[in-house]
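The two complexes that follow have chain A in common; it is paired with chain B in the first and with chain C in the second.
This part shows the complex of A and B:
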């Protein structure tokens, strides 16, 4: 498993493939993980993300390819997996759960207490130390699971769908907490998730897994702004295609744009007409028909109704995800 | 009180025979046309003056029944795990074969076993009795443990191993506490089968292994009906007492951990 370190990388996944029977889960997956970084692998359910994580953790075998870790001592600093449903031992208290790995390593009771106490504080669990898992909330359970892994000072922390069992309002908070914890402890982390916003917010690199392949592995902004293909682009969010007639009207080339590149303003003489609006909490999502083409446009205020006529502005602050860039804003 | 009629029928079925036994134990001579039973404590007196054989039979049966529970548990714990988590060709057939001893009458194979036990020196010994009782009762334990493992799921083991625990520690500290209800369920049935078995203990024990059923059987047909009824009541009370202790213990363990 160990090989010579190629500089600052901790993990190298090379040409990894996995089949279940005749079904290929994924093939030819390759990426490097830098020491101390946080990597998120995103993709729809069934894309093989969890299987990939299990292979990196050494819990499953790959059919092809290699996983190399450059941390020297895999026994003292293992790769620890935090499961999607936390898998806290129901017969043990929070303290006993967190201490489990240390006990297994034969540490004395005093040494275990000294190590667990600061972690209980860090994870805001000091008053829940004697509680059993069934008495904890979802967020608390997850913090116990992460603390139980962190206490072993793993060289690699693997998080399987850390947001799947959390309420919507807890997801982003948890993502930011994971990010700050990962930075505080300096632990290289790989996270598998289908919660895109959280992955984009907390990661140094994003890997997009679609159709059994790792389509793209790059920093979040690059993946979002410059996706390698349309399927990857659509997986990460809506895409507006500016076809030839509209492009001519705008004085642009044919291109594809994210909705945030578009703004609209009310104009009874405007060429666009709103055909649908959706309230999405902190923003409004509108569908605007212009020259027989539907565009997705976001707005912060719910000022327009279906049937209203609008003008469309295109900002050059958001370069097209495909197609040539433009130096000035356009308006139609 | 939607279930009142059901409860009445069940009470009639289960409590009435016990009531008859209590009457027989306390007033064995009560007959028509006497209006009220007359207390007769012959049975109690008999047991009080000669407690030796009674206690020997009781401890003997308790001993080999509990030993059977322990043996079936150790016999089936690994196969149960394999049946719960592995899939392989012929698994259903193997499961069926493993459950056969509970379906085939014990008589059909115990004769052959007796012959082998004589040859290897296990006949007329307590280990022989424990072994033969385990052979007819292990399917109940296997079934309960397989269900227990299936319900628990494999993630606990994978997680604990990933955290660095040895297989032995995983079993003792993670799996065993969660398997307790399955063990209690399987153990209760195995205990009942072993404790109430008459023929096999008689055949393999050869009279040299003291058993409660062996002590009770002649008393039921004897003239001292009071004594027969009294010993039958003890025969009934032992498993019930054991279940109450087991259930209370498990209930307290789980309630503390909110596992139920």
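This part shows the complex of A and C:
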């Protein structure tokens, strides 16, 4: 539904609620989306992210609340949803898929060619123009689906799990491509994903949906560093709780810290002992037991083994996500 | 591996091949004057030449093609429309589609008698209209069944064909990804363009299959033409029956020649139609 713009916002979701039978999917979801911004809604499976996206796209009806779009001409610049598995028309070539919306608007063949060609070029699909969807890779299909939407200059682009069908190594690349495309075309975009790293990397705002609620809606750094509650904090990544005995030893207050705030160094006399290590590709994740408390610590190099004794440094560059901040580094 | 597959299928393939090939070979042989009940005879194409001179046969062929085409096309069209209507119904109401299966259960000959009892000039509809005073005599009821146009047969074939087409096309439609339509609508396509560009191409293979099966069945069928057809011109099957059973044994090769021509026609038609369907479905060939 279109309404008068309250300012630079393009979309206002207010008090939205949805139930399936007796099960509440979510309730009282409210947020505003600024024109030209990229918003990611993150949350575990079943949090209602996709349902929310479908309601914004007009494919489902909400049980309560409103969705208002302030874009004037919704017919000329519609909201377009790109489904998780892209839903390309299997009987049409890449060119025909991308041109579909223009053809539906009655543009001439020459005008369609003129508009499709630069998009094929931008999305690196020139040599696949005559291919059918079944002949494309997952990444190519996604680019066709986004190009098919982008060519209509939609007021709002909705992406449902854009990384779900991609190989791990393609996800971040795709996230950055979506970000640069979104900026190039200036299309307001809402993306639903459970790929946190990609969402944090590409978004202007992150909405965290947990337990049927939109827990937090804020810029990525704020959501990551200042989550509204522990559940949100834990959903976004591991949290170390510095309890009273350890806090006393460190000269800190009781607080909660991300693993990035902790650094360890080998010390046979150190108070900590490594009880587990996990290779995570571009970093190592260690579990260090200190004063009967387990801490998650990341390191770039795999230099320590379970059983090694270590000393822990806490950097003040990473303020606690909960609890009082500190001005100097601490070490134990 | 391949040998094992062949051996596994042998219990089915052997009787099928034996019956089909033996029947076909015997038909072909008798159409050429060989292995006749009258004696061994000599191979000749005389009976095929006779067919080209038979004007009645041309009329029969024309009628057979006419009835087969319109009954198959009408069935596919009706089945598609009904399948779409059922598909758009709320899931609870789709159960009404079971009514359409009645036509499938009934044997062809029963459907033929149903049409006869309902729509002949002495049938139920005629009697009902007469009783209601809408017509002064039952004979005023229009002669639908025996006009030489094959309309009665087409009606009976439609009664059997529409549910069959509905079954084939509905199976595709009920598995159809509704998001394709949602996407087309989001991209600005109206209902007609969406149907034409998105829905129809998905249904075409089932429509083609239904058409070819129904066309070939109607083209060669005997039961419905036997009840609802006429003699002049008769459907090809009736003509074959007539020559085979009601005429001199010496004319049997002519019946066999017609059967052979019908078989060749069906095979060529199926091949050409499949090519045409493949051309229409160019995108599938590339998958």
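Here is the rule we go by: the second predicted complex is superposed on the first by the 332 of 332 C-alpha atoms of A that agree within 3 Å, B and C clash if a C-alpha of one lies under 4 Å from a C-alpha of the other, contacts with A are read in each partner's own complex, and residues count from 1 in each chain.
Note that in this section a contact is a pair of C-beta atoms (placed from the backbone, for glycine too) under 8 Å apart; a residue touches a chain by one contact, two chains touch by 3 or more.
As the structure is a prediction and not an experimental result, all values here were calculated from the model.
Visitor: Overlaying on chain A: chain B and chain C, fit or clash?
Guide: Aligned on chain A, chain C clashes with chain B.
Visitor: Could you look at A:87 and tell me whether it touches chain B, chain C, both or neither (first, second, both, neither)?
Guide: Both partners.
Visitor: Touch test for A:249: chain B only (first), chain C only (second), both, or neither?
Guide: It touches nothing on chain B or chain C.
Visitor: Tell me the contact category for A:107 with respect to chain B and chain C: first, second, both or neither.
Guide: In the superposition, A:107 contacts neither chain B nor chain C.
Visitor: Same chain A residues contacting chain B and chain C, which ones?
Guide: In chain A, residues 57, 59, 78, 80-81, 83, 87, 89-92, 100-101, 104-105, 132, 134-135, 148-149, 152 are touched by chain B and also by chain C.
Visitor: Quick check: in the complex, which residue numbers of chain B touch chain A?
Guide: 155-156, 158-160, 162-166, 169, 173-174, 177-178, 256-259
Visitor: With touch defined as at the start, can you tell me which chain A residues reach chain B in the complex?
Guide: Checking each residue of chain A against chain B gives 57, 59, 78, 80-81, 83, 85, 87, 89-92, 100-101, 104-105, 132, 134-135, 148-149, 152.
Visitor: With touch defined as at the start, can you tell me which chain C residues reach chain A in the complex?
Guide: 177, 179-180, 182-184, 186-190, 193, 197-198, 201-202, 281, 283-284, 286-287
Visitor: What residues on chain A touch chain C, complex-wise?
Guide: Touching chain C: residues 57, 59, 75, 78-81, 83, 87, 89-93, 100-101, 103-105, 132, 134-135, 148-149, 152 of chain A.
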